[in-house]
Amino acid sequence: MAACCRIIFEAEGTRAREVSGLEGSFRYISEDAVIGEGTVLGFGCVVMDGVVIGEGVTVGHHVIIHEGTRIGDGAWIGDNAVLGRQPRAGVSVTRAVSVMPPLVIGKRALVGTSAVIYAGSVVGEEAMVADLAAVREDCVIGRRVRIGRCAVIGCNVRIGEGSVVQAGALVTSDSRIEEEVFIGPGVYTCNDKYMSRREFPLRGPVIRRGASVGTNSTLLPGVVIGRGAVVGAGAVVTRDVPDGCTVMGNPARPFPA
Amino acid sequence: MAACCRIIFEAEGTRAREVSGLEGSFRYISEDAVIGEGTVLGFGCVVMDGVVIGEGVTVGHHVIIHEGTRIGDGAWIGDNAVLGRQPRAGVSVTRAVSVMPPLVIGKRALVGTSAVIYAGSVVGEEAMVADLAAVREDCVIGRRVRIGRCAVIGCNVRIGEGSVVQAGALVTSDSRIEEEVFIGPGVYTCNDKYMSRREFPLRGPVIRRGASVGTNSTLLPGVVIGRGAVVGAGAVVTRDVPDGCTVMGNPARPFPA
Amino acid sequence: MAACCRIIFEAEGTRAREVSGLEGSFRYISEDAVIGEGTVLGFGCVVMDGVVIGEGVTVGHHVIIHEGTRIGDGAWIGDNAVLGRQPRAGVSVTRAVSVMPPLVIGKRALVGTSAVIYAGSVVGEEAMVADLAAVREDCVIGRRVRIGRCAVIGCNVRIGEGSVVQAGALVTSDSRIEEEVFIGPGVYTCNDKYMSRREFPLRGPVIRRGASVGTNSTLLPGVVIGRGAVVGAGAVVTRDVPDGCTVMGNPARPFPA
């Protein structure tokens, strides 16, 4: 990556021309930012101190890139995305919040319109975080993972290579998702057995390699979904599901029984 | 519609005055855009090449309107909305993505704050797409349809006149929804029977005229909900529901039995 | 609060310096706005007529603050948030929409990235509305309440002090939630028994003090969840739940039976 700050091109769709400054494009770009050759930035972008953007990156309009964020070559960032914001606890939140290291976005990754990704997380190469999705701090999103529209990924989550989290799903904080897992639309996971009423060590579910979790199902705190297991749509999973097993219903039971 | 480019008025709530350029309002408006009389644009808007905005349209602050988008007379576009973006497949997505024709927004339609609507879709007259909702490419949203907050409409969806999709619902790609259908909040629909494990021709549900689908229910791939049928809240619908029938439960069964 | 308009500091993370105008930061700030000492505003903010921002407030980049909104001392507003927009009914919406008084945000409240909060509502001191959440008009959100990511709060909702609405939940219009209530992720509530098919006085649920409503459960219109009651994850609640009672299943039944 060439350390060529301010070699900026107009965004796709406008007549590409090199611009030397901010005039007329309403951008703020820190003088401490580094932007690679062939990268284009849309109107109204905000690029803060210490940001490093690779070569051939497309950054949409009104994108906000916070301090120190690193974006790999060939990535594509949708309009209005907010990258690398620090977490900020509400007054009544119990989980301590510390200053996170900068966000890292891998090569050829794709970030959707108005997606929000926090500092302290790593988004793998060729991964996708779709429109209006949120990924909190301290997450590791593997290579080629896809996070759907309006999905929410809590903090301290691991998602293995090639897994999919579909639209509107919630992967709660402290979840562990292995490789090639399919999490359907609107799946909700829990990490707090007593819903804030008692002390409880928060534990998200563990979903093993190749498992499939059906649309709009619910996973209780700490349940383990085994390798290649299948959770039917709308199931409410209250116990561990063994490797290769299929469960359905509320509460979920093995199928065939 | 008068082809009077650059007849722009300040947004509602500021002191309306005609402005001849961009100074002080931080807008980018392509010289190839056409903006009708009486239309107001907020601060920070981006209007790309070939956009055509009708008369008496209100465009909020920071709205981004991509190439060629057409907006009908009297429409109202909320702050931060992104209109007409092209689809962009992640590296690992199987569905091919092609360049879509421009988005068309009908007369007097209403688009909410931070809503995202893709190129290749048509939003009917007097339809509403509420705040933070997303509508993908190749959709036809009928007249007076209402799409609720944070709802997601996949690609290649048809929604007939007067139908309602409430907040947080997901209408999956390739769904067919007829007229006067009610889809409650948080309804999730599927189109992939094998959750990516086998080849499967993706099939969303078909929801016939006047059917009502209750809150937080789940519709399996390809199910047909008959005319005037009722799906109870929280039901998991695994089979077709005949015209006029009511179903409830997990799995859903006819009621009364 | 000092009535010291235009005492503005650059946002955190840029080198703080007093700025006397808008040059280079692409902000619009009405001359009728009042901004307290020690308040910082990010790039691209829009602050409309009559807005009053207290002392020591942090306003992120591209934030839009509509007419008359009041923000208390020490509040923190995330990037792209839209505060105080007026409701705007679609053509086919039955609920009448009137002009609402300005939004009030309490001291030390926290508003997330791309959150949308309407005029006519009050957000209490030290409350939190997380990223991508929406709060409609005519709501009273109590002190230290937390609204999670992508959650939607309908209009005319009351939420008592210290209650929590987790990510992706929908609190439908006309709901009443008392103090110290826990509403889990993805809970959906209804207010329309006949799903628009007949006249029905819209009635959201009533959730009494200290009740806990589990992840991805569904509450039918007008149900009352008693004091300290517990609704299990994935339950579909069709009847009132007495004080202290636990219910589970679809339909929800007392547990132990």
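By written order: A, B and C. Residues from 1 in each chain.
Note that a residue touches a chain if its C-beta (ideal position, glycine included) is under 8 Å from a C-beta of that chain, and two chains touch if they have at least 3 such contacts.
Here the structure is a predicted model, which is why all the values come from computation and not from measurement.
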Task = Have a look at which chains touch which and call the overall pattern line, ring, star, complete or other.
result = complete
Message = Rounded to a multiple of 5, how large is the rotation, in degrees, that superposes the C-alpha trace of chain A on chain B?
response = 120
Query = Copies chain A, chain C: same or different interface, half of numbers shared as the threshold?
reply = different
Query = In angstrom, rounded to a whole number, how far apart do the mean CA points of chain A and chain C lie?
reply = 23
Ask   = chain B: which residues touch two or more other chains?
value = 26, 44, 62, 80, 114, 132, 150, 168, 186, 216, 250
Remark   = Seen from chain B, its contact residues with chain A in the complex are 22, 26, 28, 30, 44, 46, 48-49, 62, 64, 66-67, 80, 82, 85, 88, 90-93, 114, 116, 132, 134, 150, 152, 154, 168, 170, 172, 186, 188-190, 195-197, 216, 218, 220, 236, 238, 250-251
Ask   = Can you list the chain B residues touching chain C in their complex?
value = 13-14, 24-26, 42-44, 60-62, 76, 78-80, 108, 110, 112-114, 126-128, 131-132, 144, 146, 148-150, 162, 164, 167-168, 182, 184-186, 212, 214-216, 230, 232-235, 248-250
